[in-house]
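Letters A, B, C and D mark the chains as written, and numbering starts fresh at 1 in each.
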Amino acid sequence: MGFLAVDRKIATIPQEVIARANAKLMDAHMADYDALAARLVRVNIDIEDLVEKLMAFSVGLPSWGMVSGGTRYARFPLPGEPTNVFEKVEDCSVVNQLAGLTPRVSLHFPWDKCDDYEALRQYTQTLGIGFDAINSNTFQDQTGQKRSYKFGSLSHSQEATRQQAIEHNLECLDIGKKLGSKALTVWIGDGSNFPGQVEFTDTLERYLESLRTVYGQLPDDWRLLIEHKMYEPAFYSTVIQDWGTSILCAQALGDKAQCLVDLGHHAPNVNIEMIVARLSQFGKLGGFHFNDSKYGDDDLDSGSINPFQLFLVFNELVSAEKRAERTGTRFTPSYMMDQTHNVTDPIESLLNSARAIAGAYVKALIVDRDAMRAYQEDNDVIMAHNSLRLAFESDVRAALAMARVRMGGAIDPIAAYRESGYRAHKAETRKARTELAGGIV
Amino acid sequence: MGFLAVDRKIATIPQEVIARANAKLMDAHMADYDALAARLVRVNIDIEDLVEKLMAFSVGLPSWGMVSGGTRYARFPLPGEPTNVFEKVEDCSVVNQLAGLTPRVSLHFPWDKCDDYEALRQYTQTLGIGFDAINSNTFQDQTGQKRSYKFGSLSHSQEATRQQAIEHNLECLDIGKKLGSKALTVWIGDGSNFPGQVEFTDTLERYLESLRTVYGQLPDDWRLLIEHKMYEPAFYSTVIQDWGTSILCAQALGDKAQCLVDLGHHAPNVNIEMIVARLSQFGKLGGFHFNDSKYGDDDLDSGSINPFQLFLVFNELVSAEKRAERTGTRFTPSYMMDQTHNVTDPIESLLNSARAIAGAYVKALIVDRDAMRAYQEDNDVIMAHNSLRLAFESDVRAALAMARVRMGGAIDPIAAYRESGYRAHKAETRKARTELAGGIV
Amino acid sequence: MGFLAVDRKIATIPQEVIARANAKLMDAHMADYDALAARLVRVNIDIEDLVEKLMAFSVGLPSWGMVSGGTRYARFPLPGEPTNVFEKVEDCSVVNQLAGLTPRVSLHFPWDKCDDYEALRQYTQTLGIGFDAINSNTFQDQTGQKRSYKFGSLSHSQEATRQQAIEHNLECLDIGKKLGSKALTVWIGDGSNFPGQVEFTDTLERYLESLRTVYGQLPDDWRLLIEHKMYEPAFYSTVIQDWGTSILCAQALGDKAQCLVDLGHHAPNVNIEMIVARLSQFGKLGGFHFNDSKYGDDDLDSGSINPFQLFLVFNELVSAEKRAERTGTRFTPSYMMDQTHNVTDPIESLLNSARAIAGAYVKALIVDRDAMRAYQEDNDVIMAHNSLRLAFESDVRAALAMARVRMGGAIDPIAAYRESGYRAHKAETRKARTELAGGIV
Amino acid sequence: MGFLAVDRKIATIPQEVIARANAKLMDAHMADYDALAARLVRVNIDIEDLVEKLMAFSVGLPSWGMVSGGTRYARFPLPGEPTNVFEKVEDCSVVNQLAGLTPRVSLHFPWDKCDDYEALRQYTQTLGIGFDAINSNTFQDQTGQKRSYKFGSLSHSQEATRQQAIEHNLECLDIGKKLGSKALTVWIGDGSNFPGQVEFTDTLERYLESLRTVYGQLPDDWRLLIEHKMYEPAFYSTVIQDWGTSILCAQALGDKAQCLVDLGHHAPNVNIEMIVARLSQFGKLGGFHFNDSKYGDDDLDSGSINPFQLFLVFNELVSAEKRAERTGTRFTPSYMMDQTHNVTDPIESLLNSARAIAGAYVKALIVDRDAMRAYQEDNDVIMAHNSLRLAFESDVRAALAMARVRMGGAIDPIAAYRESGYRAHKAETRKARTELAGGIV
């Protein structure tokens, strides 16, 4: 039975709900699957290989994305949204149960603080969920905090404030070690709103000095992921403003420091897939925050605005994977989602996004890379381009659905979720979050 | 004596503080003033004319800009910031006292609701402040509000929600009439975060239908100002997304409807001064929200990022003014500031911004328009350009200071403000605002 | 037999080449077609309806896009590219023969001037091609031209230059009447490179005055299409810089004046599909220049950068069509391509683009609009979004191929084209174009 | 006497023309100078120090900027523009004579090829001009060239084409050595117009391999300047697309490889002054191409669009200079202009731009850096910002004029140039360039 989160033991959609939902769609699904299989056979691809690779593929969920997000103007609560880290994990497990590709959660501190991390670890494990990168937060002040981050944190002009930010990151490491996480993602809001407010070079030097202390405490099997962002919350300059600064810092810190790419953190028009290729070429591609955007760091659902771009990113990732195989190097970036859900049920948005990401991945897998490379060598531009284009135009949804079904998930995850009545049940049993003020909390 | 806001009667910087501060700077100021006068005489400009025009020029202050703003991540409170509309007006009066160019405040409801508008009106009048446009707010939910604006307000798919938003706007009209305001600014956050979420045409039709009801109740000597914005809080589409939609709506509503330009509400690279010219040419330039931006609607201090653009905007305004004189038409846009102060004392930022705006205006006044027009006719590009460029390169600060001094203000407003100890005094007497959550409240 | 353009009578790919190419692919094609048909039946769509609509759909070809384009740096010629309007039309007919959706060519003067327009008309007719909008060119000087357009054309400060530009447009009307065209597209490069170079309002007034003269000579069954563009060749201001100025001018001119949308002529991040909706709502959507872009007016192949955006544009077009049906109004925008082919064979790029455009159209046709509207009314955001998303994720290539086959075209147009050896043949028989200088000629 | 370029010996504005022009303006100039001196004394700055620093400051001229530029649409010739490298140098000398800050010319090959480099060196020396960085050109094909750069040059998929591009660069080194140049600037147009056209990593590896060969031949006292650019002529991807790739390549090559910043080569909204600081911090800031832009690589006159940004760039340069002094390191970036003059006389545009650049430099010099740093440490944001803002608002034109006068130049360079009748004279004596085709030649 599902919905029994009270004792923090079981918190799932009843499997028979999924089975019932799948039964209605199974004939159509199998017809689509067979048609796709037949089509792929013609280009020498075994659909079963794809399904297998999909089942091995995974992307982490953001704990902070499980609640209704907000803008600086407002937040519009959703009845039944989670109110603590246990409930967030519970919702993650629902996504994973239905979509089958999201077996990890990325926590954010102090937002996800709790009294008993061992209990959290066990509870999460029970739900079949592991822990992805830990995120530190020094872009907000917390009630009772000694020193304010109003003017910066790791790069603050005053040592005591930098020290406080360093200690918070070290605390995150400690929590992460308890939970079994293997990476720390550091994104800071440090920067300036006015020309002249900060001296750029001093500020980056202080940032590096602070981060060296954190890096020094990093376990050997961990990664430190540096996340760059063009702007916001700082609106004139940002310390880690682009991938250029990010990779220089990662180089300065050492091998365990790598760069994290968030798809919404770039200047307008920038070719992001190329940045992915560059970071990979120089050995510093550490991970992803998937989402989509039209204007800035909009944190929209993956693939909802520019699905071709998402595919092109995965084209680089698969290409880098092949290159690593050829050269015998390791290529293991950490894939995570980072979305803000202002007008949808977060679980539904994440289910949709998991499908978008997996779809981009499988489309990248069916690109005929040998043919494409030959066209590239010959400068047969149209055919090289069409190697990607035709892969993208393929309808691979049946392969995705099959992977989900085989992992116990739903052919139509959103439909099954709705049929389960999960959120309505939670709206009755969870206490309400009523903050109307803007922002992310 | 100043600082006596307790009885809401007098709330000013003691005039002797200003006098003392000015005394220290007077000799230097007069030397600069004389040098500028001498320089202007050579190009047949009487500096006294400029000072006179400056003293007649004014720009409104935003009540919501008197407190520390925030992003979606956080807000960092400032000790002594105002906690209600009376205290906001009090701070406005300080800006006006020191800068002399800001004799009006633009209120925002329900943020500025109070029990006794007649008391507010009298108090404000006592402080020498009038009321600029009233702003309605249907982009946030308020505690106890019947229907949510999560999915829109004036353009919402359901009539009852639209009706609630209309009634809020009508209530704003009522309050404005009590206070002596003459304009209603309508900015809505309505839009969508996903392709397909709304039907663009239906949505705009509903918006227009709602606004027609509001317009129908507008007093004859009022204006309805429509404010467009490219994005945020909606991140895929926004109902009034640009000046094109804005002017078409203003045309559809009638003569009293005009367009309001916020300098931060445009797409990257857009030539905003040209939009100003177009709106003016087609009779629909109603007003301004001055601020500056580097990335989006950053709401930074006027002139802090691109002062030449601000000058080019004023070049169009002065040009439109001259055109109106020639054609015997009226040209009276309403000038207001709309800034968010995250890392500065709002009073200091507004003092700096008033200087920037007035500086752009006076530089536009010293452009030799007859010479420029002759160069333009002859396609003498460099000389036409230099007509603007050389005006911009002039240092007109002494003229600005003289206008301030003659209105009882300060040669160096920020220095005088700091010497007064105003904020420290307020930090002791006002109750603290401690919200740390993100956003604007 | 094909390739016999010498006598300007027949200029086609031999039909047996196409038949042979199709034969190899027919079984796979039919299998895909049947699978798609079966899938569509489940959502109550008859694939035959789609194919019929596709066969009725058409998009015009740009005569200037038949040659290798260039940037300001260079042009790299392609052996066998056309050297005059007859040869351009010949290449158009090849595209139409293979793709079946491009039965019209849009000419550009003076580039396409010839001695005998009646001969051109007959030749074109023989090839099964008609004439789309005529394009005037006052953004370049021609050898022997009396007055230069260096400083503008229809908006030039001097009357004689404006008059020359007007006369060129009237000459275009005359040529168009001889050929059977029904529209004149006016795009001008007028603008400025320096603040102050031109007075914005004067300039637009002169533009409107000039265009009124042209409009006055427009036959009753013609349209005047105004094309806006943000920048280039003018790099500070452009007279018709956006859809706002475009629609205001179209309103000022009259009913036969409408706006033309080029997908690459907008500011970064702008929501173009929304502009399409707005122009349609206000009765001024006159036509399209399809292409794609990543940075500016890149004139890349349609659907090569952001195919989802192209689909969203067609979603608006189909939506506007349905609205016109409901309201009994006419909605007949003119669809044309406007691409520059720097590194591909233009014929191959246009074949690919025709497929992209037709694909976007048919995907828009299979959107379940009734369901989507119901979701929109209910603010069921995810489901409203997925109404579009799932249509886009469909693989409709088999329907496109069937429409081509039924019109005598190719299942795989590029493959058939290559098998024909058309370009190699032309490389032998056409004289070479060797200009290496940058630009478009 | 001037204008005697026939024998390539003397080519200057007659000095008495300048003297006559200066005489008319001298009283006003001295009054302004004294007023500025008095103002600066109050902030402890000796104006004579500024003038001295200005006289030591210099910026190189682009040989390719001496002719009328063009867009991809057209070029509009200017009577009297130079037709070969000798005449270009002649025009450079006029700029230098009048503005006094531009004693070097940067050549571009093969555009500036000539038969006798020793004659060119001597002629240039006679005119008081030296040679700045040499620019290679592998973004265009030349008549008779063996292999085309249509699909790339240093990164081309075929070795023979890469080899040809390498050899061209080596030839540039040879020419530069003959002339006394000390740097090679490598900007390539290599990239792609279609996703899939090239493999990003292979392409960059080939680029680096090619450049290593060139670098290997670089004399010890030379620098190799790598110039990045976001896009154009390639419209989907560019090999050296941003400063991140640029600095990684410079690191890979070695100490003599550095990065060159062109102000128009960045994504919209990017904080360029921050990139300047980062390149400087990591020891790789090699030089500048100054210009201004509103939309893309517009190559507009320096300071004509965003003079505050230009000042902020110089603020970083002066700051880096001070830092180098403190740390005993070298900081000697090469300052050059790179502008395209489509609608002005290039000499006038360059005179105006020299003034803009020198003005930004001297404003950066008068920033009170000690005070600013103290404000930064204290997070006194407004005062730190105003340290820059007030320096920028200063009118430093009299200091610039004085530096020019002392070097034999003009108080008002454009006026003196016009009075000289130089261009009209050249229009009579130089043969006409009549290409109307678009682009840069």
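Worth pointing out:
Everything that follows uses one rule, which is that a residue touches a chain if its C-beta (ideal position, glycine included) is under 8 Å from a C-beta of that chain, and two chains touch if they have at least 3 such contacts.
Which protein is which chain? UniProt says A, B, C, D = L-rhamnose catabolism isomerase.
As the structure is a prediction and not an experimental result, all values here were calculated from the model.
Common neighbours of chain C and chain D, by the contact definition above: A, B.
Each chain gets a centre from the mean of its Cα atoms; the one farthest from the centre of chain A is D. Between the chain pairs B-D and A-B, more C-beta pairs are in contact across A-B.
Inter-chain spacing, taken between the CA centroids of chain A and chain B, is 40 Å.
Separation between the centroids of chain B and chain C, computed from CA atoms only, is 43 Å. In chain A, 150-151, 192-195, 197, 230-231, 236, 268-269, 271, 294-295, 304-305, 308, 343-344, 379, 381-382, 385-386, 389 are the positions where the chain touches two or more neighbouring chains simultaneously. The touching residues of chain A, when paired with chain C in their complex, are 28, 31-32, 35, 38-39, 42, 268-269, 271, 294-295, 303-309, 343-345, 348-349, 352, 359, 379, 381-383, 385-386, 389, 392-395, 397, 414.
Across the interface of their complex, chain D is touched by residues 70-76, 139-143, 148-151, 189, 192-195, 197, 230-233, 235-236, 268, 293-296, 298-301, 304-305, 342-344, 434-441 of chain C. Listing the residues of chain C that touch chain B in their complex gives 150-151, 157, 192-202, 204-205, 230-231, 236-237, 241-245, 247-248, 266-271, 273-275, 277-278, 280-282, 308, 312, 315-316, 319-320, 323, 372-373, 376-379, 381-382, 384-389.
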